[in-house]
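The letters A, B and C name the chains in turn, as written, and every chain counts its residues from 1.
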């Protein structure tokens, strides 16, 4: 009897199946400090307990992306150990702040299956939920991946492709209890731009670049207990490089976007996301953003801004995205669509 | 008058001498987070306060190996600054969990001395004890090292070689107060295997590999305030590599062993250990385990499993250990013998 | 309208101007753990809550240099984004310990301006103050930098060069409330040397060397939210190296100075400092110190020692500093002048 986990294959997933992922994780001030060491994160709400308290919270929450990566990491052994590709995200929402000391666990429901025409693999759609220690949901999102079949001759399941929204509707965004930007301190936050200062279709070059080292992305990826071996084992590839966890690029780009979007404080929805090209150590990551939409919320002074966040390993000043063929340019690493809360 | 510490030499040790090691250290949630960033550690009892509470503890303890490395690190300036080789460990026991906020200090008693026949060095045996802030012992172990003499003409001490047990007896294992695996959640822990599922002599390939970077092992070794210069100073060797602290390999192998031994939660004894070959940055570490013994304890649902843990920089699938000459194969880095607590 | 921060230029500064720097930061146990991972820091007062309590404090403070780097980092976007050179420090004092959980912010007053004769740049002098969450000052220091002009034709301001003390006078040093070294445990602290054991003009070679990796200095520099791009962006230079934040060298040298100055526990004044030559990954840092002055304080058993701390990327045994031309030798990285508290 083999004791190690060889992961699930395409034929192991059934519609409606609920997978309770292993290894709950308490996240606290240590994870917060490491996040600041790994990324140039400066959003004031996640940096200062005082600033967060002045915005009506009990203190500075754990970064939204720590919550995302931690929940995502738990799903890897069950969802993507045999994945060929991480295809997309949709309908992601942060539902309540994660505070230092909270313990996160995760579970996923299989909501879609579609065998590929080659019969060797298929697409699995799961809705993943992160829960805290009292069972309250802290975030959920849909993710779909291409997974290999163990047995190419296994029968194809009935095709079910979930009907997913292009974006979370502004009225479905969850604003944390008590949040208020009525007395927001723009000077301490680092920039004076409020929601009204941004125009839909406006593009912002975030200017700064960060070159990535192997040690850094491995520290980050392990921190989220994501154990996919492509990120850690240099013998997997002839050039000894390790494929960088896509979430590392997300966090790096989001942190870089402070320069121009310092007041886009809290991520509240993940509308879509594509890891356009692989990222490796030695790449220098830059980022640019595009304003896709704007909305109001019912909380005092709190608006919402929908942003496209693009990470590139080339120049960001010319806003690289797709070529004339509609495909991502080779230097583009990430195309992320999210909602953030920002003072009106 | 020189102000710096040049370390003790062989002739400076006397049987019965007690050395109180310097620099007590408070370990807390920051050290815990860093441990998760440095190693692919996923044992649930050390990851989740909730999981630990459900096992009868007050919360998630600091990893047993954080306690070991911290205590070990304190001994380096007094015991192994002039050591030629770290020869062995015996009779190690963890005596009570270290909780976040505890402060550790260490002291060692010299229990054996044996000058080498070349007259230039000798073997020093010490029993080291780690203590918490209220003076309670948290772990103890015997370690012996080969230490240079300052003066080759110094007289040889009377030879005293302590009588050390091959392994800690099962009845001498200390189970933490309150620990119970009666309601153990195997699904959250990550694997279904309980003590009864393992056979003595069974070998488990832990499959995954992690390639080590200079920055990582230096961060880890500094974190335990281990300042042996071979780990940090690239000018010590012509190739600019730094010798990796043996404890870094122990932690890496133990973390990798999660895959197949996810329920071997708590380390309670260190029976023996050999750093078979040096490890350098660029090596990809894999691990395999062998079940050496099994035992029951008096705590509800808590059994004990004695394991050989082997780290290799080559393939782990063929369980490399020793050649026909009885010597460790060149790819073997570590051969560790320990007891862990596991649900029956 | 551009949304990103392009920094201030020389002509943007006015005498008397007060700049309230952005992004307050809560520092806690995670930052403390990372400091121990990044530097071989072993001063017992910052390592152990018990040791600190035995010295009359409420617990172990955050390292004085964490406070300094955090405050310094906040000033970068406003003071040194367009700086050509970091020219000096003076009149720095730590005013009260920073405890885990404290939130730091920073503000600077422009106290001097002097346009360079080339008309393209000028020297800006600022007095920077770090404040905690209740508005108490925790440190202040004067720093001067050479900053480019946006418009070479902009009129030169009236020259104002502040009159700065060569060193903080011993009687102006602030000893933390309650601090006592009356019951100081020299054995636990790691060395037996007290103030009386040091002679003015005595030099101490700290012996140990640490080779620096790119990942490490970037983790450190980000941790202090210092975002100067020269530290992170390998495309800035043809050789792909990143200029290492001068504060990283300060912390490395100060930590190395434990070996010979283990009892120089608390930094209380920064008299002067020069980053003599740039530091790059691959450099092996060593340090030596010179005793410049000694003083008493009114606190029980607490003396003060004024030290020159020199970091070098070459040998430290010959105490390298300046050549016959009075210029720093090419291997010298740092020349720092500070006061520390030490048992009498």
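Heads up, the rule we're going with is that a contact is a pair of C-beta atoms (placed from the backbone, for glycine too) under 8 Å apart; a residue touches a chain by one contact, two chains touch by 3 or more.
None of the values given here were measured: they were computed from a predicted structure.
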item: Pairwise touch network: line, ring, star, complete, or other; value: complete
item: Chain C against chain A, contact positions shared by both copies (same if over half, else different); value: different
item: Distance from chain C to chain A - Cα centre to Cα centre, in angstrom; value: 36
item: Contacts with 2+ other chains: residues of chain C; value: 28-31, 33-34, 213-216, 219
item: Complex interface listing, chain C residues touching chain A; value: 1, 3-5, 20, 22-26, 28-31, 33-34, 77, 101, 103, 105, 133, 213-216, 218-220, 222-223, 225, 227, 229, 232-235, 240, 242
item: Chain C contact footprint on chain A (complex, rising order); value: 28-34, 36-42, 44, 47-51, 60, 187-191, 193, 197-198, 204-211, 213-216, 219, 259-262, 282, 284
